[in-house]
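You will see two complexes here that share chain A, one where it goes with chain B and one where it goes with chain C.
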Partner chain A sequence: MSELFFDPAFLLGELGLAALIVVLTLADAFRKPLYQLFNGTTQLSELEYRNRQAGWLTGIGFVIVAALFIYTNKLTGGEPAILLHNSLKAGGGLLIGKLVILIAGILTLLLSIRYTSIESIPGIDYYLLLCFSLLGALTLIAAENFIMLFLALEMMSIPIYAMVGLKRYNPRSDESAIKYLLLGGFSSGFLLLGISFLYGATGSLVISDVLTSLSFPTIELATPQALFGALGLIFLFIGLAFKVSLVPFHAWTPDVYEGAATPITAFMSVAVKLSAFAVILKIFAGSTSFGGFDSILVGMLGFFALITVMYGNSVAIVQTNVKRMLAYSSIAHAGYMALAIAPMTHTVDAAKAVLFYGIGYVAMNMLAFGVLIYLTRQNHYCETLDDLKGVARKFPGAAAMMTIAMFSLAGIPPAVGFVGKIQIFMQLINAHMYITAVIALLFSFVALYFYINVLVVMYMKEPDTDKTIESSHQFPVWVAMAASALLIILLGILPTPLLNWSQQWASILF
Partner chain B sequence: MDFNIFMYLTYGVLAIVGALGLLIAKHPLRGAMGLLVTMLALAGMYAQLHAHTIAVFQVIIYAGAIMVLIIYFIMLLDIQSQDYIKRFAPLFWLGAPVVAVIVGIFLYKLMQILGSSAGVMSRLSNAPALQSSESYGGMKAFSTSLLTTYTFAFEYVSTLLFAAIVAVIAIVQLDWKGQGHA
Partner chain C sequence: MFTQYILAGDGGVFTIAVVLILFALGAMVFLFRRTLLHMLMGVELMLNAVNLNLLFFSRLYQNHDGQILSLMIFVVAACEVAVGIAIIVHLYKRTGSIGVENYTEERG
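Right after this comes the complex of A and B.
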């Protein structure tokens, strides 16, 4: 049960990322001589130089880490293993999840390179924190005991609290960082309370042991063990629901998404959400049935998920700020993902539907935020609908990208969002939750309004003022946008590979 | 009643009283003292549960270091300001009954399961954690499990602390070589 099995071959990717963190720190310590060495002729400011150096190093590092993950899979033969006294699971389908999170990190990096310069954000801190957060997300989806789960969740969140506040001269950024820090700390408290109740009820911290020894033969919860176990599960769910921003634990989302630097918003809305959902799936939708307590969970999850879909989609309609609108839309999407597991069928299919949706969501949200970053200029944020007026005239490419993203978010074929929504609704229909399915479907039509509204503003409104844009250094943003757009279309038309991948990832949770 | 159980229950009541004091006290320093009572009472509970190492840590780190930090902060605050004196926003009175009802249901359920107070006492006296055991919770047992079962978590925490340091440095440096917007 608790044996010390450790083969570094399983953790090459994570070790590589840790090495990258050390390299980045050291490179910044020696930046002065490097600056003089490489910057003899060009006239880069030191901040600019520092940002570029950090950006390049991180980019190369991420590619190496991705290669290490694939090499790990080769070395270990793709067989999953549990390492280090039930600390981490590695190998098998987890590779898919790790690669998806890493790709989200790479896209964030591509979107950040120019953004950090025009916002005067010190790049080295920014990229270091991004690496730490990625490391946290990568360990979070692999965590096998509750101690590691909590530590990885903190490792993922703490850098993001700081990254949200990196635009120090912007009061909105400060405000959102404080809000996120306080509410995040609060949610960690709930999570810990849940973990300690579960430990009290079962005497174990290993997730699989806890889940198997939690048995609720009836709804009655007639023993102290069952009562505290149920309470622990509920607190655990609340702690995780904060991270994925399900209503009523969503209050931080709009403010934080609006105040943070846009690439960070994009990273939060995809990587953090996806890995937190992977944990929810592992605990609540894994192979272990909770017996009688399942029927309570069906009601709880179904209720939370449905009001999340309703609230997110209705409030998004009245937003004039696109980042805020995307925040409410991301709340609604979390609701859709939670709907898929609401029937509590404990099948691979339900987990597969959520992961499929989550992976597709990485591409679409990255694209939507990528367009906003593309249109951001020095001393001018592109955030409100007014800023998007007539964008299609000046920047037809960016407008086309936004169209793809909005279609996918709204769930219009052939984008990947359509296939994802079908997967979700299939779960509800298979479980005979017809009314829930119909309500969720109706609110998808409501969502159509505000997604299409963005396109109407871009294509049919006259621009207010003459807008110019520096064309320099936009290449990385273009790469990120093109890659996400390609993924959305390709995976929308040919979803089979992605279905297989999410199946592989889902099966490791069981 | 066994002396162990009596002390355990006393510490439990003290912890609750301290927490209520923290919540209700108008003067921040009194709130801090309430917190101190809770922390010391918790240390006592750990000791009664034979987790001696954790009890020592609780006293040294929480009741010692962290309390000093909190009291320094209170010293730096302008405690005359209404923002610090005012307790309970209007929404509190909306939320409190809801929480009270939920906690009430839970306690009712718990009492239903446990039966009478005699049932509670018999459960307490049979609780394995309250029985004395030499090998449990001492420094040796603590260190052994920290460096065997939880090795990876232990190492991971060091990375987490590094992340926290980087996060603090990133937030604290206001502008970088005059590049910031101040």
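Right after this comes the complex of A and C.
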């Protein structure tokens, strides 16, 4: 792996995204003349017109950025390199991670184009914040240095705090925004305390140097260095556990997911979670073993992951709001992903299982939230189970999509969720953690109840007569839903390519 | 070198004790004060405790990494407060109060 100071060839995609941010800002500054110039024939309101314009502009930008990522890979021969004095890794398997996160961004964009107009959210602000957050997530998975890691994490989170509060006329929205902001700040306090203790133990902020020079002698925590190292790792884990919402650091998740605009909820639940998990994998499940401290980490991770699975799946049963139900289900899924690294085997296979599950989860959650967005109309939020009553009769397509999403989330073959769960449980069985595996398996049967319940409501209940939703033309949402459904089925039947991709991404973390 | 600094002299133990006490105070302000501004201040106190820790270790190891990170923390904390205050002002305009007991739209 080569070390370079700065080579723009490796960072074309990120630079492209930064350029897109500038273009969007300029488009906002010149919105009046642009509106007068292009709005000759359309009958749309100014807000709706501007939202569409901003949406398509951002969409074209994202496609160019994706092309730039692939071109970067060609240009540099796919060899990984470390840039900017041990700050960023680029190239190699990271391309997969970056493309997955960018695809999550594109799907979010497709889901948002109409939704922003319905909720009268100013589109340009929304897409700008989305771009900033994406740039943060793309940098986060490439960070090689705790300074860069912290900056990227905040660059990903702070725009999301603002995006959660963008539904300004909805009292729940700003309430969830302040909750997320305060708890996010609280968790970054823990993350930073962890980083400062790791710095105290090793005198370096480069992740690989820190990990290799951390040593835990057999009499644990006997030296100040081992004590600081242990404190650092534990606080760092707490800070990251907030981001991926492991129990007991999950309290914000249902409230924030419920109050945010639905496309933002979808983005938060996939992109933020996946990139935070990539960081957890790099630090805790990477190639460096922590010696005597590993057994403590096995207990800690195993305990947190198992109660996360149990809590998430059991509380989801009593929810009547579908967004809250999906929030608890996303807590449970974070638990499954953490279970795969709980044995602390430090193997590529464990990281591969987590990343495979995470990538599959992008497709399934996007689809589930996509259906809710598809059914949302002016003055009609499709959020509770009552709103979904009898939807299958009027919208058979949307109901079929929801069926695919729920089957995949529940882990029923042939969906991708099934293959992901097998990967996770294989890790537990290989490490002889049979009891944990059996408990987790039992709770995934509990989960069947509330996933299937959504389908029962959609297919078998009579619709409320006073709540009829008119159908409407929503091409972008259909594209997003069809793409995710196709991915779920295809990757469920033929998982080999995705297994190879997640293997490539996992191997760059080692 | 390390053990000597921490255990014997130069205020090592003292500094780390101050850091932990400051951090715990910040966390307690966050957890027990029931107004949004106080909670935001609690977060700031936690971040400043971390800054102190980083500066101490930066001097201990005679390198600048810790100082750079603490400068970055200032910047990011300012951004966070800017977004936070904007949301708090909006909440205040809507409800006329910044006490958390008013924000109970979401439960469960």
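Points worth noting:
We take it that the second predicted complex is superposed on the first by the 497 of 510 C-alpha atoms of A that agree within 3 Å, B and C clash if a C-alpha of one lies under 4 Å from a C-alpha of the other, contacts with A are read in each partner's own complex, and residues count from 1 in each chain.
Assume a residue touches a chain if its C-beta (ideal position, glycine included) is under 8 Å from a C-beta of that chain, and two chains touch if they have at least 3 such contacts.
Not measured: the values here are computed from a predicted model.
In the superposed pair of complexes, A:Phe407 makes contact with neither chain B nor chain C. Once chain A of one complex is fitted onto chain A of the other, the partner contacts of A:Phe304 are absent, as it touches neither chain B nor chain C.
After overlaying the two complexes on the shared chain, residue contacts for A:Gly189 are found with chain C alone; chain B is out of touch. Within the superposed three-chain model, A:Leu88 lies in touch with chain B and out of touch with chain C [touch as defined at top].
Legend: residue contacts after superposition of the two complexes on their common chain; A:Gly165 is shown touching both chain B and chain C.
In the overlay built on the shared chain, the residue A:Phe450 is in contact with neither chain B nor chain C.
When the two structures are aligned on the shared chain, A:Phe418 is found in touch with neither chain B nor chain C.
Shared-chain residue A:Leu151: touches chain B and chain C both. By the touch criterion defined above, A:Tyr126 lies against chain B but remains apart from chain C after alignment on the C-alpha atoms of chain A.
147, 151, 154, 158, 161-162, 165, 168, 177, 223-224 are the residues of chain A that lie in the contact sets of both chain B and chain C, per the superposition on chain A. Contact residues on chain A toward chain B in their complex (touch as defined above): 2, 4, 18, 21, 25, 45-47, 83-85, 87-88, 120, 122, 125-126, 128-129, 132, 135-136, 139, 147-148, 151-152, 154-155, 158-159, 161-163, 165-166, 168-169, 177, 221-224, 227, 231. Residues 146-147, 150-151, 154, 158, 161-162, 165, 168, 171-172, 174-179, 181-182, 184-186, 188-189, 192-193, 195-197, 199-200, 203-205, 223-225, 254-255, 258-259, 319, 324 of chain A are the ones that touch chain C when the two sit in their complex.
On the chain B side of its complex with chain A, the touching residues are 106, 109-110, 113-114, 148-153, 156-157, 159-160, 162-164, 166-171, 173-177, 179-182. On chain C, the positions that touch chain A within their shared complex are 2-3, 6-7, 23, 26-27, 30, 36, 39-40, 42-43, 46-47, 49-50, 53-54, 56-57, 60-61, 63, 65-66, 68-69, 72-73, 76, 79-80, 83-84, 86-88, 90-91, 94, 103, 105-106, 108.
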